[in-house]
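I have a structure here, written as structure tokens, and I will follow up with some questions on it.
Should a chain be cited, it is by its letter among A, B, C, D and E, assigned in written order, with residues numbered from 1 in that chain.
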């Protein structure tokens, strides 16, 4: 498989992720879209790892997963905290801070 | 070391004054300013024949040093500063200000900055002192000024700050062109500037000049000035107009003319034209002012216009004239402001339409006013004349093909100057006193202050030789 | 078109389709499910590229742990499709367009990348032994340091999660 | 390296302290003591690092140079100063004082990684180590909805930027086959692939997010405004400085050779940052929010150093800027925290009531505005100098200086309020003599930076 | 003796300093005495110098350098005095007439509270005037030149409480300043081209070949200097200040605005004779201006009712005559007329002062009449003055004026005819004044009538002395038809040497004299006839125009003063405030405006933030990629 395919695929996933963050109002969904972006990166990294025959990229993917896990724990905690206060995960209600 | 002391004494005294938190700050200020005067006088004697310099490394990684140099021009301006400040303190001795410790502290800090500007021989150091002189003035005006002081002073600050920043860009640019360890020393900057191709000099010229133009101020950059002078407390106005505007001119002579000769050559006509427009324009505006402070402010713009025009006319006698006139204008305008402040203190207004009859109520003051006014319009045998004559001469001998036209239009300032100055004398000193409170004539300290001013006016008017000799060397360096 | 290619295209279409499903479905729970499906597709790609370990980890960590966490939170909050009001159409369109442009721009830039075919032969780099060796020699510092990350996350759970 | 270990240990120590200790004050004191020790360890590290050399650790994952160590030391010092100045305010944020300090230690750990990373993975991990505690700190004031909102906003956008960063790193890897900083340095201008350029730009955007440069700055005002003030102070100073050092490090050592590919984009970012930061700050009514915008504006200036990354002055400027900006900002935040009302009007007449507070605030403000004799001036000076030395950024320099002039407008409004306006500035807590001592010390530090920056650049 | 020349200005300076410093504590009389004595001392020294200069042993001009005034590079200007025939003659006039007027003032100003101040000013004036004539270079002359202007200003505005008086003072100063600018430019032209301001060096270089100059340069220098002279000597267009200057005390009018200061212009041009001889165009201008001024001022004087105004316009007119003389190259003649004019015009002014004194301050001749009966000395001396100014043979004015007319005739008969008309008008208005004042019936109030008295001796003695001088002063310059020896010309010859009034045929000269004397006598008779039954009904037609001074003041007001004031206000309101300052403030405002708009981007919506980030990223990517490719 040419590397381009993976490049395009992962770029497409990445951009779908970005679009998702732009289109949705649910904080959790936005967060999921971000996870999608990370996965797109992971996919590309694995492809490059294959291309170069280098394990370090795969290790990098491993670390991304680690970090993502940590982030998710904090992120969901924050979202839950927010939900407890305003009973919504709609980001449009986050508008006390502006201008 | 002596030169360092000149800056250090007011600086330390200023800081100390802040900590005193008592009326004693006034005494401290006077003492320090007198000591400074003594040292400056000593330094002037030392530097009379050959420049004195002092240099230690400061920020080696940048190539900036703590270098001071006192030549004729520097010592002359230091002398002016050192004379004006004690005179101001003496004259205001009886006046109570709110929080005198900070008032005098700021005054002394500003003095330190001014002296530093005049002495520094390193571009970065120069910039430091340039701002050091400005900041205290900002506080002085904003804290102790008139009704509209806050916006006005703020505008003044931002205006001059923009200029300073542009100058900073210019300095940095020049310094980046230097090679060798002392990137910021005057010599390096000068060599770097001279080595620049003409087109670049023309651009860098404005970067650097804009700061000076605002400070002086030259015609379209002047609008901060009348407002600021009007709103400042008079001692600060004196610092501003007698000393700070000289910073601009001094800087032109020290940091612009020798550094960017081709840039100067290219723009000199433009600057002269602006200056001359400024002379006529400011004089015309001075005629319609009714506020004494605004009138003097516009008069100052007109005078500075003449000086800046001469500065760019590249003639030796013009340069020499600027040196003389810087000193003399400083003295005269100090006298003028002192009188204005006395008028304001006694009659509670600066509105000339409400004034009159000073000659009856306070004849000594009126005499002082007349003499200072005459010096202001450059009557012979007052100090103003020598400088103005040399300036006109310099403008006349200038390299520009339009030099005669320039001189004649600038000469209109002489006529208009007479108009507004005499108007002022007439409106304040003459006329009836019927609706005026009979006020006290000069008190002893005011008398002393004005006596010093008038003494200098007359002595230098009759015998300007010391001043001329002092600055002849530097004038020759600037334009052989 | 051999099996490898068939699988590749299948997984690609599945990944893209499910990804679109994530952002387009109105129901958060189906979004989560679509995302899990996407992760499976991606894991399939990993296997195709002989990164078996990562494929497994991806399934276990992402699809298994993280997405379950998401699902759990969504369930906890009792979010159903109707609770999320739709964004303004215009804003959505702008989002799509800007995302699309980004895609095109980057794609345009990367168009010129030299064509390199990925070898199908297994060189064994994706094996756990190999990865473990790399991880604990070359990448030992990040490995250790990421513990700090988890400590932080732990504190986060305390600070943010605990009621005062 | 010792410092990293020590910072981690102290972090864990603080976690235990939260269980074992009950007294908030004792926790704070313990943290301060630990920071002091950490500062000492850093100095020890600094002394044992020969000037100009760099020590590589763990298969070249980390390579702490004298420069990086200097930065670490100074940032630890700033943190110490910060802790001393605002420990009381930290105690007031919430119940988990020890945890807050633990997070600060972890952030410091991230800072140390960012000053000496030698691998993009370390960059990534360092940034994450720094970011995750910040998300938590931003949301730590649970009584305040604004704090939660700030945390969520910060978190969402921060994760988003992580994605961008990772995409950049991946593309760079794809172009070069390595994650090593030194390896990337082989990028040559003639042969650089578009993939590498795309990678550089993605990384640049992500780092721009971390340093709050436009257009990735959008989070900054809201987060700084919403987060508990003591933590805003920390986020705006040490954390941001560390992000900048990472930025500079990468763009000097990896992308320095191919500066033509990114210089224009970064200059546009710089100009935009300066514009947005300065201009938007003008209309603010809250000093805290103004400081948030001002931190964007300051970032614009720090970007000068990145732009001119190849020059000596940029390296020095970054250090000076980081320190001067951090110290002054910590100082002004310390003053701000003493105020009950964060709006400009809340400062009215402060000079009458608390002359010392007003005076030190003035010095900090002057420093932020870049007035000579303060550290802020020297900092700006160095970075502008660096930009000028590149020879192609004169327009940007002039633009930047004009924007600096605008900055005077909003900075001086504080001074005007304190000194020239009548009012009854209310304090949230009395100013103790300890506070006064610390404020004066900070103030002296600012002035020292302004007149003798050389002291902070020994051997650099 | 010439080495002591510095004493001459020194004495009045000392007087000024004493009077000036102690003006409030000193007894009035002492002030007057000090003032008079210092001038007397100067007069004595001047006499000594005059005789030394007159003696045959005197060799050329003596220059005494006091100190170096300006020394800048190539420009070295010493503060030096030059003693020669011209300056010594002027010294005599100034100190002599000055002394008499000081003496007169001791009495005239006796009732004024500011008498000591007055004498201080007067001494300062004498000092300045002496500097003016003594200077050995143009700069020292300029010092005196401006100095006398200042004193004139101070003295016109002496009664400073009256706004009209101070306005007049201001007007005088400003108009002088306009002239001074011309003088300054002239000086700078000399300095630029010759590098010196010293008379001797400058005149020495004038003809020399190594400084190549075109005739135009001479003309320009001469014209510039002449502009200075028009200001100081009240010529068209700068003459309107002089009538207004009558606001000052009358002795001041006599000294400054008749005898000395206003002749400074004549002195200056006579001094620069060497230059003017090379500048024909400038000379023509001088003649034209002089003639026009003489006629214009004389015509105005005919219809004035203020005794001092009449004399003032007469002075302007006489100064015009002097310029005619200068313009036709008769420098000595001009100096001659300066001298005689100093005598008789000082006499007339002091006489009028005596009249005003007697009338209790009244200056309107319509309210006078028949004063001769009450103040005989004044009447007689005034009559002598009138005869002298009218040019009746035997009186000094005859000789000098006749010489001017002769020179004018030789130059161009048209000028002569103009001069003749001027002379006729002079005779008419002087005698009109005389008859209205001294003969006929008293037309004032009863109060004034009772008050009428002859002035005290301190006032009449100077009148008598001046009357004698007004008679005999002319005999030092007898016309060629009477005597071959022209004493004045011979005396001045070494200094003002290079002019040569064309020798006329004796017959022509007799004829000219006859014509002028005849015309003058007719005018006197006409004046007598017209004033026999005074008719003060409002003037109409030309008379009205004359009474209103040809509306010159109004013209200046409309053409210069008001447009300038309007321009000033325009600048103040529109250019300064709304224009430049408005622009500067506008920058600030626009920043605020922008800020207010830009901050709205920060909407608080995370979605829009991310959108902005993505959009920015996309745009920057496009920029980056496009720039690369």
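Assume a residue touches a chain if its C-beta (ideal position, glycine included) is under 8 Å from a C-beta of that chain, and two chains touch if they have at least 3 such contacts.
What you see is a predicted model, and the numbers here were worked out from it, not measured in a lab.
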Exercise. Going by the stated contact rule, which chains contact chain B and chain C alike?
Worked result: D, E
For this session: Identify the chains adjacent to both chain A and chain C in the sense defined at the top.
Result: D, E
For this session: Tally the contacting C-beta pairs at the C-E interface and at the A-D interface, and name the larger one.
Result: A-D
Exercise. Which chain wins if you rank chains by how close their C-alpha centre is to the centre of all protein C-alpha atoms?
Worked result: B
Exercise. Where the centres are mean C-alpha positions, what is the separation of chain D from chain E, in Å?
Worked result: 77
Problem set entry | Interchain centroid distance [CA atoms averaged], chain A/chain B, Å | 64
For this session: Compute the distance, rounded to whole Å, between the mean C-alpha positions of chain B and chain E.
Result: 37
Seminar exercise, completed: Whole-Å distance, C-alpha centre of chain B to that of chain D, is 42
Problem set entry | Sites on chain D at which at least two other chains make contact | 121, 125, 128, 132, 135-136, 139, 142, 151-153, 156, 160, 171, 174, 194, 197-198, 221-222, 409
Seminar exercise, completed: Residue ranges of chain B touching at least 2 other chains are 158
Seminar exercise, completed: In chain C, the residues touching two or more other chains are 87, 91, 94-95, 98-99, 102, 106, 109-110, 113, 138-139, 142, 146, 149, 152-153, 156, 160
Exercise. Chain pairs in touch?
Worked result: A-C, A-D, A-E, B-D, B-E, C-D, C-E, D-E
For this session: Could you pull out which chain B residues touch chain E in their complex?
Result: 155, 158-159, 220, 222-224, 281, 284-285, 287-289, 316-317, 320-321, 357, 359-360, 363, 374, 377, 379-381, 385-386, 389-390, 392-393, 396-397, 404, 407-408, 411-412, 414-415, 418-419, 422-423, 426, 429-432, 463-465, 468-469, 472, 475-476
Seminar exercise, completed: Per the touch rule, the chain B residues reaching chain D in their complex are 58-62, 124, 127-128, 130-132, 135, 139, 142-143, 149-150, 154, 157-158, 161-162, 165-166, 168-169, 172-173, 175-176, 207
For this session: State the interface residues of chain A toward chain C in the complex, per the touch definition above.
Result: 1-9, 11-26, 28-29, 31-33, 35-36, 39, 42-43, 46-47, 49-51, 53-56, 58-59, 61-63, 65-74, 76-81, 83, 88-90, 92
Exercise. For the complex, which residues does chain A have touching chain E?
Worked result: 18, 21-22, 25, 30, 91-92, 94-99
Problem set entry | chain C residues touching chain A - in the complex, by the definition given at the top | 4-5, 8, 12, 15-16, 19-20, 22-23, 28, 31-32, 35, 38-39, 42, 45-46, 48-51, 53-54, 57-58, 61-62, 65-66, 69-70, 73-74, 76-77, 79, 83-87, 91-92, 94-96, 98-100, 102-103, 106-107, 110, 113, 115-119, 123, 125-126, 130-131, 134-135, 138-139, 142, 146, 149-150, 152-153, 156-157, 160-161
